[in-house]
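As written, the chain order gives the labels A, B and C, with residue 1 at the start of each chain.
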Amino acid sequence: MQLPLGIEVPIPTFEQFVFIQVALLTAVAGLAVVMSRNLFHSALALTLTFFGVAGVYVFLEAEFLAVSQVLVYVGAIAMLIAFAIMLTRSMMYGRTSPLNNQWGKSSLFAFLFFIGLLAFARATPWPAPGEEVIADEALIGALGREFVTTYVIAFEVLGLLLLLALVGAVMLARDR
Amino acid sequence: MVPLSWYLMLAAFLFSCGLYGALARRNAIAMLMGIELMLNAANINLVAFWRHGFGPMEDLTGQAFAVLIIGLAAAEAAVGLALIIAVYRERRTIDVDELDILSG
Amino acid sequence: MQVTQWSEALSSWLMGLGLPGWAAIFLVYAVGSFILINYGMLSVLLLIWITRKAISRIQDRIGPNRVGKYGLLQTVADAAKLLSKEDITPYEADKIAYNLSPVLAVFGVLMLLAVVPFAPGLTGVDLNIAALYVVALGSIGIMAALMAGWGSNNKYALLAGFRVVAQLLSYEIPLVLAILTVVLLTGSMRFGQIVELQSLNIGGFNLGLGWLGIVMPGALIVFFVSSLAEAELTPFDLLEAESELIAGFHIEYSGMKFAMFFLAQFLNAWILAAVAVTLFLGGWQGPGVGLPVIGPLLGLGYFMIKVYGIYVLQQWIRGTFPRIRIDQMMYFAWKVLVPLMIGLIVAQAIIQKLPTPVAIQYVLIFIANVGVMAVVAYVLQKYFREEQMRTKRSFEPSSLIGSMQVSEKGTMY
C-alpha cells in the first residue's frame, strides 16, 4: 500500500487490522487515564484500558488470562478505585491543575523512555511465533498443574499476601 | 499473525503513560492508576513473550507470572486505597504535594 | 454424540464457495451475533409479559389483556410510550458516565448470550472458559450501576449505586463457588462439555436425565438463591424497592434509558436461569436428544422449556416473598452461604480423591449437599425464631418489659 509521502506500508492481514483497532483503543484510553482532568473519567478510561488489554490477551491466545483480567481488574480494582474516588470526592473540584510541579520533567522522561523502548522493540530481530496454541482445557489444566508444582511457593505466598492485604486494608480503612 | 514488536510497542506506550501518570499527577489515586497501567503493560509483555517463545504449550512461565501479577495488583490496590482513605480521613486531602509533614 | 458447531459448519461451507477464510468467519459471526442479539432484545418483550401475567395471577388480577391477544403486545405499547418520553439529563450530571451507563448495562448482559448453549451445536461460541466468562461479565453490570449512581449527580442514586455494588459483589462469591462445584465434578469449564456430560445412556439410548442438580441439590439451591440476588429479584430487590425507597440508581433516568436498565435486568434474570439450567439441570439434555435429525430440535425445545420454567419460578418467588433488609442480606451471604460453599468444595475435593467407585463418590457428594441444605435450613429457622421474638418484644408496652415469660421453645405466652 502506497501512502502519500512515498512511504511503503505492507497491507495488514485481517487479524492485524483488528489488532490495530484494539491497540489504538487501548492506547487512547491509556492516554486518557493520565490526561483527563476529571478523576472519575480517568477511572472510566482505566476500565476501558483493562478491557483493551484483555482483548490483547485474546489475540495472544491466552483466553484464561483475558477473562481473569476482566474479572480482577474490571470487577475488583476498577470498582475499588471508583469507590475511593467517590469517598474522597471533595478533592475533585477546586484545585486548578491536576498535575504537580514536576510534570514537565516527568513528561519528558516518560516520552524519552517511550522512544527508547520503541527503538529497542523495532530494532531487535524478534523470533516468529512459536507452535500453534490449541485453546482447550489442556492449557488451563497445565497452568493449574504448574501452580501446584513448579510455582507452588509463589502461589501460596500470593494467597497469604492477599489475605494479609485484605486484613490490613480493613484495619487501615476502619472508622475508629 | 501479529508480530511480537507490535505488542511490545503497545506495552511500551502504556508503560510510559503509566510512568507519566505516577510521576506527574497530584492526586494519590491518580498515581495508583498510573501504577496499574504499568503493571498491565508488564503483563502484556510477559504474555507476548510466552506466546512467541519456545513451545508455549510446554513452558507456561509467562502466563503463570501474569496470573501472579494480576493477584498482586489486587492486593496492591486494596492496601493502597485503604491507605489513601486513612490519610484522607486524617488530613482531609490526598494531594501528595500537601502531605509533607516529614520534610522538615 | 459429537455435533459440529453451527459456526464451523457454516464457515466451512462458505469457504467451499470460494470465500477467503477471514471473510467467511467474519460473515458467519456477524450473522450469528446479529441473530443472537435480536433474539435477546425481542425475548425481553415476552419475559416482561410473563412477569406481568404471573404476578397478576398471584395477586388475583388479570394483568395486561387489552393490547393484542392476551395482552401480548402490551410491552410494545409500553416501549413506544417510553420512546416518546422526554429524555431528561439532570443538572450538572456527569454526561459521559450518565449516558454510557445504560448502554454498558445492556452490553454486559448481551455479551453473556454468546456462551449460552441453546441446543447441540447451537452455541454462539463454545468457549473453553465459559463458566469464568459468565462471572467476569457480571462485573460490567456492577460498573454500569456505579456509573449511573455517580453520573446522575443525585445522592440517593449514589447511595443506591453503593448498595448495588455491595449486594452484587457479595452474592457473586457464593455464585462462583456454586459454579466451581460443577467445574470440579465435570473437570471442564466449557458449557458444551458440561451439558454433554449430563447425558444418561441406557442401552445406547440417551435418556438425557443425568442432571448434576440431582447429584448436588445444595449447590443448585445456593446458585439459584445467589442468582436471585444477582438479578435483583425479590427477596433481594431492596436496591429498587419501589414501595419503600426511591427507585434506586436509575432514579434520574427517563424514557428509553430507563427502559434499557429494565431490559438488562429482565434479560439478566433469563440468562442466569439459562446458566442454572446449563450447569445443573442438563441444558438441552432430555429424552431423545441423541436421535439423528429431530434430536437438536428436541434439545432446543427442552432447553427453552427448562429456562422459561426457571424464569416463571423466579417470578413466582418475586410475587410471594417479602423483601429482606440489607443487614440480613449481607449476613446471609457472608456468614451462611460463603462458609458453607467453601466447606462443600473442600468436602467434594476430598470425596473425589477417595479410592472408591464413582457411584459411591456421587452418593457421598449428594450427602454433603444435603448437609449443606440442612445447615441453611437450620440457620434460617433459628434466625427467624429469634427475629420473631425480637419484634414481639419491641411491641410490648414498656411497663411490661421483663414481666412476659418466654417458654423453652421460644414461643410467647
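Things to note:
Definition applied: a residue touches a chain if its C-beta (ideal position, glycine included) is under 8 Å from a C-beta of that chain, and two chains touch if they have at least 3 such contacts.
The chain list, named the UniProt way, goes like this: A = NADH-quinone oxidoreductase subunit J; B = NADH-quinone oxidoreductase subunit K.
Treat the numbers as computed from the prediction; the structure is a model and nothing was measured.
Chain contacts here run in a simple line, from one end chain through to the other with no loop closing. Distance from the centre of subunit C peaks at B, each centre being the average of the chain's Cα atoms.
Looking at contact counts per chain pair, the maximum sits at A-B. Taking each chain's centre as the average of its CA atoms, subunit A and subunit C sit 30 Å apart. We define each chain's centre as the mean of its Cα atoms; on that basis subunit B and subunit C are separated by 34 Å. The centroid of the Cα atoms in subunit A and the matching centroid in subunit B are 7 Å apart. Residues of subunit A found to touch two or more other chains are 13, 15, 64, 68, 76, 83. On the side of subunit B, the complex with subunit A involves touching residues 1-10, 12-21, 23-27, 29-30, 32-34, 36-37, 40, 43-44, 47-48, 50-57, 60, 63-64, 66-68, 70-79, 81-86, 88-89, 92-97. Across the interface of their complex, subunit C is touched by residues 13-15, 38, 40-41, 44, 47, 63-64, 67-68, 70-71, 74-76, 78-79, 82-83, 86, 135-137, 140 of subunit A. Residues of subunit A touching subunit B in their complex: 13, 15-16, 19, 23, 26-27, 30-31, 33-34, 39, 42-43, 46, 49-50, 53, 56-57, 59-62, 64-65, 68-69, 72-73, 76-77, 80-81, 83-85, 87-88, 90-91, 95, 97-103, 106-107, 109-111, 113-114, 117-118, 121-122, 124, 126-131, 133-134, 138-139, 142-143, 146-147, 150-151, 154-155, 158, 161-162, 164-166, 168-170, 172-173, 175.
Across the complex, subunit C meets subunit A through its residues 22-23, 26, 94, 96-97, 100, 127-129, 132-133, 135-140, 142-143, 146-147, 150, 158, 162, 165, 169, 172, 187-190.
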